[in-house]
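Alright, structures below, take your time with them.
You will see two complexes here that share chain A, one where it goes with chain B and one where it goes with chain C.
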Partner chain A sequence: MDTILQLLLKGISQGCVYGLIALGFVLIYKATEMINFAQGELMMIGALIAVTFTEYLQWNYFVAVVLTILATGFIGLLLERSLLRRMIGEPPFAVLMVTIGLGFVLRALAGMIWGHDPQELRTPYSDAVISMGDVFVGVSNLVVIGGTIALCIALFLFFRYTRIGIAMQASSQNQLAAYYLGIPVKRIVAFTWALSAGIAAIAGILFAPLTAITPNIGFSGIKAFAAAIVGGFGSLPGAIIGGLAIGIVEQFMQYNFGKGLGDTSAYFMLLLMLLVRPSGLIASTQKKKV
Partner chain B sequence: MRFVLKTNYGRDIDIFKHRAHASWYFVLIAALLLAPLVLDVFYEKQLTELFIWAIAGAGLMLLTGYSGLVSLGHVAFMALGAYIHAILYSRGWPLFLSIPTSALITGGIGVLIGVASLRMTGIYLAIATLAFAMIVEKVIAHWPALTGGHSGFRVDDPAMFGYSLDSSTAYYYTCLTALVLVFFGVINLLRSPTGRSFIAVRDSEISAQAMGVNLLQTKTLAFALSAGLTGLAGALYAHRIGFLFPDAFTIMTSIMLLMLVVVGGLGSLHGVIFGAFFITIVPQIIAIARDWLPTGIAQSGGLEPLVFGGVLILFLVFEPLGIYGRWVKIRLFFSQFPLYRKKTFLRQKSYLKTERVH
Partner chain C sequence: MEENQLTVRNIETYYGPIVAIRGVSLEIPRESIVTVLGANGAGKTTVLKTISGAMAPQKGSVHFQGEEITGREPDKVARMGIGHVPEGREIFPFLTTEENLMMGAFSRRGLSVGSDLELIYAYFPPLWENRKLTAGYLSGGQQQMLAIGRALMLAPKLMLLDEPSLGLAPKLVGEIAEIIKTINDEQGVTVLLVEQNAKMALELADYGYIMENGRVVMEDTCERLSQATDVQEFYLGMKDKGVRGQRRWKQRKTWR
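What follows is the complex of A and B.
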């Protein structure tokens, strides 16, 4: 029983990270129908920037968090302005390849700037452990879960009540109509990239205490991608649900059948989902007829 | 400018458009046949590698460039081809049987993916193949009884009819023969009704269906052929590296293959050769450039991905038709010399190509 609870908590916190990265995928997909394969790398950059602020510059943790989110968001904005805006109207495959190339470049640059040695992000809650009976839970894991819930609520309020949030919804539903109504679609798209990079940074900051940070942690972006598809591409709650599903299944498979099957379970779930229900758990997009 | 007088419809699908066209290819083949006489062993090995990449690239080009199906997991077929061949060969199968068998089995696995691909489009298919590749990689790593797992699998030296093909020259000719056969086959396939139905499916599935193309059959065949060719390349690659281990076939190789077809030029077989040339020569250029760069940059392992990723982005943004597209432009510039206009190749952009219903 305790093991199950422990695994469940670990799975949920891992799943939250996947969900957060998936959220970034879905945001960009909804706004521009582009798939950003470099989302995992943006998370990695966010984590490394946070390390720079807290470890090298010795800033206050909370100041560092805010600045990291802003800085990563700014990187997202720059990427959109300099690169992705040129790709509007190109076939989806070309855009996908551009973001794959971008992932390579970001990973290589991160390796050059921060090196390939594992780094550690020290947080005020790093070593704290809470025990409930026989179950020991790292506070880091709880912070991941809490942070995800808070972010989801914030995003919900943002999309529901702010002008820019509603404008983003409008332009993702119908770009042309939004444009006619006077919504600055280009600026909205740029803002979406910034937002999505910011979310990736939050995912990075939350994920960092759970693991050692190397330029290669961006690869968990692929699992997050599986999460986005399992949840139903194009659905924000779906991304989180898919992330949780993958995180939990992964932990249990790993515990019962070893690391090999644990690592691949995300891909098995992805394949199964694509074969059985390609639109995902929460279907939101319909196929065009002709 | 050259004007080709076509006197019958068959001329439209001729392999060679005119005499001069054909003679250039004979010069190329002759040069490749004579190359081992003058070349160093190092360059011979590099060319062999180029041939193997070109075979795998032809497989992926058939799928991505001609049928419009994107696969991010082609390395899986390469790995399967390599391992199946190595295992059969180590159990005493002759080379001329085990290589085609491995290509056939890989093609058969491609059929399964092809059937599944009918349900998925575009990005979803790309991701599904990526997942497939991840799973294959793990299976190879965690099945030591058959594949040797992480400790690797030694590939026996190639030999056929009692002759050893182990020397770099002999293997050069083996791979060259395979490449020429593959290209001849693919060129012929592409000018047949089957190949043209691939292209029709790529350009518009709905209009292809309306013209009577069977989608399931076409897509499955495209996947099977593509997987088979990539498996063949994998089998040849097994002897090239001599020792198989799971890390030789990672997702990176898949991306390299995609890079090959994109940088070379999507939808052209010339592009395959240009692309193969590109991905064999760039690591060499980087190795030379390391001596000139400041040590901090030169020593970091990220130089190669950085260059590959950067070049890929530059090509997609500035020359989506790849090296072949650039070559076509240069050729037209000279053949129309003072009259060349840049706008000839102006691409039409749509505001947003959507797959959603509004």
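What follows is the complex of A and C.
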């Protein structure tokens, strides 16, 4: 029983990270119908920027967090302005190749700047552990869960009640109609990139204390992509739910069958989902009018 | 030139290699209702898209209130005061009715937005009743009202209406026509109305253009257009019996 609870908590916190990266995938997909395969790399960049601010520059942790989110968001904005905006109207395959290539470039750049040695992000709560009976939980894990819940609530309020949030929904539902109403769709798209890069940075900051940070942690972006599909690509709650599902299954598979099956379980779930229910757990696809 | 709200000069627009309109000129005086009639594929919608910037013309120019707007981005054109109500309504299906309307006022600030919203609810009572409803669940007529209301929230000086009667019951067509008249009378909004429903359009508008195969083939005041035999036969469905009580099978239009 204790083991199950332990695994469940670890799985949920890991799943939250996948879910947050998946959120970035879905946000950009809904706004532009592009799939940004560099989403995991943006998370990695976020984590490394946070390390730079706290470890190298010795800034206050909370100041560093805010600045990291802003800086990564700005990088997302720059990427959209410089690269992806030119790809509007190009075939989806070309856009896909650009974002995959972008992932490679970001990984190489990170290697050049920060090196390939594992780094550590120390937080005020790094070594704190809470014990409930025989269950021991790192505070870092709980912060991941709490942070994800807080972010989801913030995003919900943003999309429901703010002018920009509603305009983002409008542009994704009918881009041309949004244009006709004077909504600056291009600026909205740029903002979407900034937002999803910012969310990736938050994922990086939350994830970093749980692991050693190298330029390769961006590969968990692929698992997050699987999470987005399991949840139903195009649904924001689906992204989180898919992330949780993959995170939890991964922990249990790893415990019972070893690391190999644990790591591949995300892709098994992806295949299974595509076979059984291709629209995902929360189907949000609507038929397109021609 | 200044007395025209919109002047379109000799525009040519292509879909890739396919020419959609070949040299169309329109003059739309201030506070008038002008209609463009024509069959499917005549290029009516393309004319509107070219005016509002969704498509760029290869040749020709578009002037709005004396200022050239040819090839400008559609959101900038909209902010200048051109409200485009596209064919097939194109509402935001997952937003509520009120959110849809508020999106029309995206670029506006200030108190007048609230009073405009009330005005639109007064014009379209069904929208007020369903203001919290997800817009995708509105009926076809209500969606058309929403599309017009949403464009009105821009506080436009010129409205481009693309087949507002499409797919509506005759009673609703009448209601929409009334509303267009009211908007023109009370708000002083100039209207460019594209229609296949020639009867409604000719009753409503002051001046009309008839398009065929990407060209304007006829233009006149609506009064005179309704009298023209070609228009009566091909657009209003009135047939004259012909000499031997039969229609000639090879009737030719005078402009061919």
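The working rule: the second predicted complex is superposed on the first by the 286 of 290 C-alpha atoms of A that agree within 3 Å, B and C clash if a C-alpha of one lies under 4 Å from a C-alpha of the other, contacts with A are read in each partner's own complex, and residues count from 1 in each chain.
Criterion: a residue touches a chain if its C-beta (ideal position, glycine included) is under 8 Å from a C-beta of that chain, and two chains touch if they have at least 3 such contacts.
Computed from a predicted structure; not experimentally measured.
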After superposition on the shared chain, which partner residues are touched by A:98: those of chain B (first), chain C (second), both, or neither?
first
Go through the superposed model and pick first if A:167 touches only chain B, second if only chain C, both, or neither.
second
Under the stated touch criterion, which partner chain does A:176 make contact with: chain B (first), chain C (second), both, or neither?
both
Per-residue touch tally on chain A - higher for chain B or for chain C
B
Between chain B (first) and chain C (second), which does A:184 come into contact with in this model arrangement: first, second, both, or neither?
second
Given the touch rule stated above, what does A:87 touch, chain B (first), chain C (second), both, or neither?
first
Footprint overlap on chain A, where chain B in one structure and chain C in the other make contact
173-174, 176-177, 286, 289
Parts of chain B lying in touch with chain A, wherever the complex brings them together
64, 70, 116, 119-124, 126-128, 130-132, 134-135, 138, 141-142, 206, 255, 258, 262, 296-297, 300-303, 305-306, 308-310, 312-313, 316-317, 320, 349-358
Chain C-touching residues of chain A, taken from the complex the two chains share:
163, 166-167, 169-170, 173-174, 176-186, 286, 289
Considering only the defined contacts, which chain A positions touch chain B in the complex?
32-33, 35, 83, 86-94, 96-98, 100-105, 107-112, 115-116, 173-177, 215, 222, 225-226, 229, 260-261, 263-264, 267-268, 270-271, 274-275, 278, 285-290
Which bits of chain C are touching chain A when the two form their complex?
52-54, 73-76, 78-79, 83-86, 88, 90-95, 99-100, 102-104, 106-107, 150-151, 153-154
